[in-house]
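Submitted below is the structure of interest, expressed as structure tokens.
Note that the chains are named A, B, C, D, E, F and G in the order they appear, and that numbering of residues resets to 1 at the start of each chain.
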């Protein structure tokens, strides 16, 4: 544990975050990589001390490093590796389909956010029930049409 | 006994996954392996629950390393309950998938990945070690990444990116949290942590509690951390969405329950914060559902909304509240899976799940109508279905603890839930018959889906009805489990004798 | 016994729903068996019940929530059970005539009617609030399905939705109220509540919530709009649910609770005000309808208001009067509906401007209609008259605040009732009374409809007969009414129904009512002009539509706001939450001691690599170069690992980093070389802010967490035991394969799965066959 | 004595490493930098390994170091060749100063 | 001094297997019977599982004395290289004599392995860097830092090639080299 | 992309050594730096080198195993190792330690953890292989006469 | 120990040079070369450190890095090679 390494961890998180907030999958992957490194460093630092490699018979009088964070970090590294490979496959597939690795906005969400705020109710396709209810109201307040056609 | 039993729900599917991978070219063998393994999980889960309920929490120590040195699997009532509910859902969805044209038949990866998903879910419930929980999450999530993009359509890739990236961020946060916890306490065993966190200064304890809440909150999809869910779930193949909807977020909720009760001292619990989050989750989720026009999307937003009820139950930190949350959890697992399977059947029978494109299904395929209607009403909390009991228990617990506003919101939201369920019913099941494309096989044209699809969905519907019939014993079980959670000495002493 | 009473229709109904398709129209005949059996059984147990020995039954369900199916058949319940089962039987028989054999889905209709019957029976025989609620919601749902039975018609769907949402909202409010009351009282049992009524603010709020439920269900102002809308349902359904039974559920509940809670809080003012308002507005609006069913529907609304006033007032006389009015209303309203159905069926219209000319053979239905109508208008010697009379009497003698006003309202309402009854009967059976809004051509009037078969109108006839019979011989129902009223409010004196009470103020009021009514009918043209000038008071409808529109808009707005669909926004929000929420708590943590600047000179070198590589990875615009910079960070990590005593980690890091880089290269070689700038929804400034916040948070939390460590770590055990028990000198490896080998097992699974995922994605064909249909994911 | 030798070797190796790094900054042309990068780094590693093998007497230390050096010698130039080839093809180097470029002549054929 | 003639493939496998055994023992750092035995088993298994003779190449033989001589010469050249580099790096920019060029150098040996060895050696010797190798017999393309003339570069490489072929080439290779040298001399004269 | 003589030759020379190194790391992992992961990764690196030199065809030719099989058996091996102790009344994954004097070979130390590590390595190798197969493209043997088989 | 300090400082100087080149480029080849050089220097440093502290633990790192660095560099060189400017 040292101040410099703690700062490095923080910086890795910061830089990674910066990249995560972009729209290129490659950058996001790199950002995740940086954050992953940061997290591993954090794990390592959580051991709290610097020491010699924890090998039975070689430690002698010296302080051994904490083996626990090492094992945890190792697991985290390997998992991150697998997942990164998968993300790259996504980028690859995205390239196959669109020729780019842009993370597109969700279409349905955009549609709802864009059309609904401007359009009136009548223009929105799915409000069939509501307009039917309005028609029913029409007929109840003076319209002539009977509600149910006879059997 | 538990030594053998506890690891089985994890290791069996993993072993089966290995075999399934090796048998990548023989689909029938893969099916056999998958169904056999998951059936065995059902049996093991039931045995675990019975044992946990009768004898109290039990632990198994991996590699014979006693806690907190090694990894321990712990089963208390909550764990047993979750396993018992998850196992049949997993099995049913797998059966559904085998009856569905598409993914399962075309992708040799489906079965092994699905089995890993099952193992990951089960491990999340079982593990008594925080880092192992991370590993379980990763198993589950990696499998889910694969499943959500399997098929590689353009929209899947797009939404897959959102899903994967957000979950990776959550995972990284979890690792960081574990690192920080280890730095502060020197252990990652949850039972051990329970004791050690108490020695930390106050601000740090609260910070850890909130950090854990946020970390698992992302997985559980609470406000404002849920955005990824409705964007990504609907694009996965139906069976996959069903199991995601039923189980993945619920694993997050399980973890919320577990960590907030076990590792957070009563004085440090962010009760007000959680209540606010719960209310916002319910409202924003259900409003999202109302705004949607696709069955799967509506249901996806409902996942979010319903999570709010569970958080509400948890936030009360009373026996009644936690029991209500658990009951809700159990219900939602079954209901959400069922509803999404039904959405899949709609999609299969009519060629689309968009409300504007389909209609009149109840008349065309009455069976499908029932398969939707019952769980949908249950979801909306209509008595005497199981969802009602769950909702009643939440309201009851909330009023008992004077959480007036949150419960008021919960009640108001449930009418909105009903509204959006009728939106599906009115849009897809009522009206003139409209279809985009007809399925190709005769069975599907007549009944709406193939036999495995119908049978598995019907089995889940029956399960949900059974949950209603046996709601009494179930709630009592939940209350016992909740009492365990609130005084976790038995849990801790099972792990650290 | 009691449970079988409820379950029998339910079971038969479900059976019909499941397998009745082949029965077609005969489903109704089959279905009629169940309510008839109930009727018989109820009649058989009447003696015992009228002896004030109620039947009870209980079925445990969820004891932890006090949730159980508790049934109790007392006098009041018996009255309802008889009505529900009796009218249910008639309606089923009637429906068998009403529908053509070619109609599809009749078995569903019959089955749903049975399910509704069961729910209604359960509702009226519920002994606890929660049981009542269960049945209550079931009636809402079956009503929804029944209104929407002609689901091809969007109006039917809309009305069904409106009915469901209105009653559902009320139902949920009511549930909240029940729970509040139940928790205050410690029980949901009605008898126990009556014995020991809870008090307090919570209970008062709970009562108001319960009233909301009752008002919505019984279509009280301002929730009455759904009931006229529900008239799109087939007439048998309207007759059964929306006049005789379901809409009385709210009245039933008020009747049950009023004797217990009438004195509490705002109960009485609220109930009386709402009931009065409903009675008047309902009657008023009935006067401007041209559709027979709608006239009846608004009439029902008005009468329900009447009932709410009577039962809600909560003193014995009013309650007793309520029981009579209730009985009367069920008989005449169902009868009228059935006749209207006959007319509609034969004439193919219900518009009073087109009806009126009939051929021979219509005497029977007409007589039934007139009798029922007269009962509705409160003319002697019919049961309706008895009811109104006793209501006037009750409020003349009742000792409650504002009793006079209520009495005036009752009279006014009755006048309106008289008027719309006249409108109904005249409109239906006399031609050319109303012609507004219809073009005066030949099409307006229709050919005389063919006469119905006697079996078609017989149910209506039976109801009319009962109306007369009970009016003439009140003693037939006297005992039932007495016991019902007494079971509701044991404090009251016994009731004896009689046609003639002598000359008293009530009779005078009746006479006044009739007189004013006749005036209103005669001055029909004036009234019509008045109505034309006044705006229609369709507040309920407007409110519902406005609420729905607002809800949809709110939903769109909120969803558009939160669900922006943009990944960077999501990530930003999530990270910010993750930082701010715990960070806020962290501010309360003690200031940590700062660790040494470096733990060894190597730290500087590693830091240089990490920082340099990291910044470069962010800044560089060349894709591959960015990957190389990430590689440099990885090597920097390896250096850190080596320095910190973690050779295994260093080894793994180097290998993973390099193989990872190979995979990067394999993918990125396809993608454009340079990062082109793309617009993002997240501005540079907010990006910077989030990044900085994350960094600061991580830094602070590390320092704090390391600074507060209190205990020895569990890893000291690792070093002590790795060799003896694990058999290895490399402690980290022992941890990986043995102590925490379970993690490793999960980890290789992750690898295998990720690899398969890569394969599944990358080996797909390049064409996206289904790209154009994003929803079609199967 | 051995320790002194080892120290000298290690420092000499480190000096070479420093040299190659300085070269990276000083020279403007890619190939020149590659010359500077390949050779000193390889020899530097050899020297340091030699020094280390004198100091560390644990089992297999020397042999592992030997293997390291052998592998480094086998692979280092190949890496340089590949990078050089790619860079040449890509035109990343300072072509204008080159007296002759016979590879370009071949490629243009 | 000639090496025994063995069938090339056998030599290849045997040599690799032998090297593997040696390496195994080196890795364990312990010359014990179990180590040697297990090494042998593993080496044979590896060689059988992954047959190394999948290229069409001339065999490599080792002439120990010349090989040692080459090795020493090479190390010395490496030191010289580094001295040269050091000078170059530390000298002021004005005194730098960098005149880069890329020269094609045809080799005479047909053995791919030897050509590779030559190419690597070129990279590690002063002022030269192999960029590419094409064809068979290979033509090396060498980047020269201080270019004087094409001939000078080729002569330097030819010298290197000769040393290597004499140390590791088959008799036929050596003979061809000699013939080539004679031809070159004839050319020169 | 033209093949490279130098790369081809060196990769072939290094390949076996790398495999041996991987085995060494695998076997000594319990006592020295190394282990299943690193072992597997080194094998993966060796395979990747073959891939870099000769494309996916060369990898297939060198290692004619289906990566799926490798992944599956690896996972099955690891889980079996974990499951076996259950049958002997011990906890899951409780590795046994067998020390026996085997004739002239001396002491044999064998932990069943080794089998677990082998499974781990298998999975890692299978993964790398599958990645290469997924992203891999064929490299033509263009300009590589040294790869042509000598006519018999 | 002074030797160690000197050696490490020297290596650090070299590393700084490579790092500079990695960050500045300008070409990808430059970055590849410098990354390779950095890795070699890291190994050198670790070995030097091992030499002075007499620890053999990290020696394996050298062998593996020699192999793996080769892979990284050659992969970059080869797969970027095909792209012309």
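We adopt the following convention: a residue touches a chain if its C-beta (ideal position, glycine included) is under 8 Å from a C-beta of that chain, and two chains touch if they have at least 3 such contacts.
All figures in this text were calculated on a predicted structure; none of them were measured in a lab.
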Ask   = Counting one step for each move to a touching chain, how far apart are subunit B and subunit D?
value = 2
Ask   = If you take the mean of the Cα atoms for each chain, which one ends up farthest from subunit A?
value = E
Task = Name the chain whose C-alpha centroid is farthest from the C-alpha centroid of subunit D.
result = C
D-G against B-F, pair bridged by the larger set of C-beta contacts = D-G
Mean-CA-position distance for subunit F and subunit D (Å) = 29
Mean-CA-position distance for subunit G and subunit C (Å) = 70
Ask   = subunit B to subunit C: how many Å between their CA centres?
value = 26
Ask   = Tell me, which residues of subunit A touch at least two other chains?
value = 13, 20, 28, 38, 40, 42, 45-48, 52-53, 55, 58, 68, 72, 74-75, 78-79, 82-83, 85-86, 89-90, 92-93, 97, 103, 106-109, 112, 116, 128-129
Request  = Name the residues of subunit F that each touch 2 or more other chains.
outcome  = 4, 6-7, 10, 13-14, 17, 21, 25, 31-34, 37-38, 42, 45, 48, 52, 68, 71-72, 74-75, 78-79, 82, 92-93, 95, 127, 131, 134-135
Remark   = Residue ranges of subunit B touching at least 2 other chains are 11, 14, 17, 21, 62-63, 112, 131, 135, 138, 142, 145-146, 149, 152, 154-155, 157, 161-162, 165, 169, 176, 180, 182-183, 188, 231, 291-292, 294, 426
Key: Chains touching one another, given as label pairs in label order   = A-B, A-C, A-F, A-G, B-C, B-F, C-F, C-G, D-E, D-F, D-G, E-F, F-G
Inquiry  = Taking the touch rule as given, give the residues of subunit D at its contact with subunit E in the complex, in rising order.
reply    = 16, 19-20, 22-23, 26-27, 29, 31-32, 34-36, 38-40, 42-43, 46, 58-64, 66-67, 73-74, 76-78, 80-81, 84-85, 88, 93-94, 97-106
Query = For the complex, which residues does subunit C have touching subunit F?
reply = 647-648, 651-652, 655-656, 658-659, 662-663, 666-667, 726-730, 733-734, 736-738, 741-742, 744-745, 748-749, 751-752, 754-756, 758-759, 761-763
Key: Of all residues in subunit G, those that touch subunit A in their complex   = 55, 57-58
Query = Okay, in this complex, where on subunit F does subunit A touch?
reply = 31-33, 37, 127, 131, 134-135
Key: Residue numbers on subunit G that touch subunit C, as the complex places them   = 5, 8, 12, 15-16, 19, 22-23, 25, 28, 31-32, 35, 38-39, 42, 45-46, 49, 57-58, 60-61, 64-65, 68-69, 71-72, 75-76, 79-80, 82-83
